[in-house]
């Protein structure tokens, strides 16, 4: 049976509709707001999502019982990439981080009640959410084991205390999935639990939206404070003390869908650069006939194709039932670096124009940088990939 | 339908048998001759091939009517990679360059008579062959259009004159596929024809085996002289003046199978490095616990996985009927550079031992370098990929 | 005579005073305005410059007859690097682009009258200036020969027409040095002349400040329009039709001083990263004990030292009387890429904090990107360096 | 005082004589033996050295009282680079590793008697020497502290036991400087002593010359065995237990002179590539007019100039009395990687010819690889540079 990179016709049609929606509806909005989601009114978000619903490409990753398309990872890859051409594309399709990963987590781990209360409105775009894991130093950063937010058991449920930051989408979110330590000490691996905490829970404060290099994430990156926040037992997502495990359930797909979306942006940058190279002249010929520019363009294509191929491999593993693992770490590391290179080269081909806000390259350049850091910085993924390789080499009977 | 990276059970079993043959039979021979094919007796070549026949993994790429396994490109990828762990593995399986590409060309373009006379014994390993295209400056090199060897029509057939070099496998080959100009001038694209020329044809001289950095190609890299070599019309492979076209028929698969084989060698180097990193200690810990070594190891894994994924994409396109094109150029360029990096890093992890012939790393390092040059140097492929990207960007209705 | 990298004691003392001024006076202002020069009031600019005057480090590159320190390139290297630690440091010392290069040009090419009218107040910081060369496509960009702004001779002087953009510092500048074609056609090399044009000249409009990725250049990057701007013969800087030649007079030092200033910023980024690596802990040890972080830190040091060494070589050549040439092109290309890498690595070491405006890394990241584009993009410099190398290799009796 | 990169006229003249000797005398010998020093007869070594003596460029680094030129590091830089154009150049000038470093060590640390007995004939080229430090695993490799060869005190002197490998130049050497542990345990830093051991000392066996990727080192890389080798107290070089300290005395200059010599080879490779790029045509133009080739050539020039500038900085520090330190580590790491890149690019520009022994590129490629490993692999130097940077950042009052 030959390997099949072609898409099913229905999926291909959905990709086509996505491409059209992005071009006709979403990119003009991105231009208007210069990719700054902090300036984007909630009403416009809803308009974009209504357009996606009408195009029947809304919530492609969510089960059909919740109004989504129920696509597997592999089919998502094509749709998310098409959506990612615009910084606001994933928002329009309701497949942006962190909601998209939260929906997945709720679908897999949530109770029927939790799915109804949280997943359903999330899938419809009625509310938004955030995932509160990262903490300021010396808390949980690239090393989740340093988790220092705590949830203490009481007679009636739990009391959460701690500080989180860089919590994407928190501004205006209806609820947060909060990771808190329920046993063990910071530095020890075990003992985290996930809690569903409503935004209006007493003691839960959104301290500030942190100003960052990137601006395209709706709801910003926020600093959150939990001061004696009481929640009931029904707020526990899944089982107590299984939080790190669920984080893996979420992370494998989440980091892979990040790759898909950002790959779309890289494709757009590369297209703009190739187009300009065909038009702009210097030294008596089109830029695109100059060898050094050709090298930049070719390396863009190589990076994009290798990224796409690695994403599909990760999709296959995830669709086959695997969790976050070696191949998703490899894909995330490669793609985060590759899309950064693509956008950097494409900006370079634009020359001074690339630095200006007259073209979208500078904006893309700002947006893409963080991807080498969040969802595990490249260094952490390399560390994990290398340790596994050494272990396998010492015991080659294990699988690679 | 989810994308499927798993292999069919029969192919997987053949891969397993290949891995065992390489480990038990081929690697000891490689060690004995230190990877130097020029020192390898013809008798040992036959012994290796007999072992592969017995293991039922011989000529995996050739149709079953010629005694091969009849695998498509995608299944070859797995088998060829497994064979490539040893420099002599592809020879054992009779899937080494240039015979493997020549068999493909004969299978697709050859007449029934030519297939019987040339393809059949080639597929059985009874004879070997070479592909005589590259010429010394100012002839055909990275730019095939500079072809200056000529075939002049006579009453009874053709007379070939010219000089070729870096013709792999020519030493001891039973015949050569010779590319000669039958119309047009050097510098003009059109007008090449392929000829099947027997090794004992009067006027056909193997001038010398060129000494090169690499030594693992059986039959060496030779300089050939054609002085008034007469051949009949039955020596024309395919149609007159279609040579450049057939070269593409050969090149797409040929450059992709090169990737497969060399990826196997890179995998072996990475395995050796990871193994050593787990054992060797410095500065109070195992090498494999030092971050900079972990980075080398992780980058090996990333390069290998990206290579493998790109090769599969190229296989899919070739299995779907495409010729040499954008994706095979991208795969060739990326893989040639990636496997070079993998072997370089693996050597570095071995330290002084890596430089010595006590370990196979130095040998691998010598062997791999040429791959960035033959079958199109990286620069030529980038040029072609970039030109296509600029063209597509200018007319986006075309496919990418 | 051994080569001497040590500085004269007086210069070393001036460097020390610069370092103190930056730390105590300038960096707090940079923090207050987050490096955004567009928000920096003119009054604060004057305060900073007064502080630098008091510290006797003002206008280090200008001759003492104009109130400067009269340092040669080599001594400037140390002072400008120290000033460059802050984005506003060069402004404080009055050695920021484009004024610094304009002062040099006026000092070398200007008439006594022009030096009194333009150089003197510029050297004192009373006024600012800009250098109007770059034009929107299809005008002069990386290829200056495409110059399309024209100056037509009249009975009473010249009439200038044309459009310029990315003219740094134009907002609020007292005058512009305008490059205009006085003979030949766009695409032909010869025939440009430099004109001194007062900001209030009728027909000279500052169309807009272009929004750009970087924000630290006082006076912004502007689009300028020249519509029938009349100037007298005394506005000609140097001789008619010698503009491209004078551009080289300006460019060699100007691109080298850019290197000095940005190297200072890179040094600051690397210091911040090394400091954080010593403090922040993850996975049970300080970041700075993790090998992959050590690699980032070591590569910072290597890039900085190589940059510094190349800058000194360029200084030596310029101090010996050479113009813009091979070594300044090499230094500019290497340093622009190296400082970009240093800031990128330093941001990475900061993790999420690096992306936020809580630390200055994101700001540095935005500011540094353009340096690979202005004063000749890397591609143009490489082209020129390569052509010279090929020429020298063909005629090795020439010097390298 | 401006920095001065020019050479004194006498040194410049000596460089010119070196360049001529290399071109007229040494390169023909290198070609004849294809750079293989193992095939080079001792008599030819002496002929080459006689020619260098006649040209008055022999032993440039040795004091005049021993017949050398007595040049400081900075002047050596120019001469050694010129000599390094040929793989046999340093041998001809008697400034090849390891003799050159051993002469330095003996000059600084040796007693008057030792200088007469060992340094004098070494400086004249009458005998050769080796430096026996590296050991097979788990002994001293990149981590010298793992030293396991021992010297035990007896009534009449010392008894040495241990195994060394990759001891360059040992074949035919008159004596070895042997590093042995005189106190402490493997893994502990302290307690090494250097001994002068004659080649004919009973118990001292040259087990084998290790086959390696490189072949240009006269006397090869050998494995040495010390079995109860008795030496007197006069064999102690310097003081007991100070061996690690003396290793630093040797290493700083030794690694810097390695940089000088290899830079010469890189310069030769770059020259050959630029020359070929000017001559060879493809796709209708000279290679040197193709942008991707220009990029390779320009990057060669950049790497060479940055290497040269860093070497001079290291020379200055060493000439000022510093030992092996930060800047020599930085220079060694950068130069080892840069010269490797230069030779790799130059080979690529040569295409298939670069792989063949018809041109010297393949040979250079084999020779250069080890430089990233010996005298401290890049990883070890980066580790040391980074640790220092973190320490300085934590206590910025220290110097950088």
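Each chain gets a letter, A, B, C and D, in the order it is written, and its residues are counted from 1.
In this text, a residue touches a chain if its C-beta (ideal position, glycine included) is under 8 Å from a C-beta of that chain, and two chains touch if they have at least 3 such contacts.
Since we're looking at a predicted model, the values are computed, not measured.
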item	value
Far-end chain from chain C, centres as C-alpha averages	B
Pair joined by more contacting C-beta pairs (A-B or B-C)	A-B
Approximate Å spacing (C-alpha centroids) for the pair chain B, chain C	51
CA centroid of chain A to CA centroid of chain B, Å	40
Multi-chain contact residues (two or more partners), chain A	290-295, 379, 382-383
Sites on chain B touched by chain C in the complex	290-295
Touching residues on chain B, where the partner in the complex is chain D	134, 137-138, 141-143, 145-146, 165-166, 187, 210-214, 221, 280-284, 290, 292-293, 347-348, 351-352, 354-358, 362, 365-366, 369-370, 372-374, 377-379, 382-383
Sites on chain A touched by chain B in the complex	1-5, 8, 72-74, 270-271, 274-275, 277-279, 286, 288, 291, 293-295, 297-302, 305-306, 308-310, 312-313, 315-317, 319-320, 326-327, 330-331, 333-334, 379, 381-383, 385-387, 389-394, 396
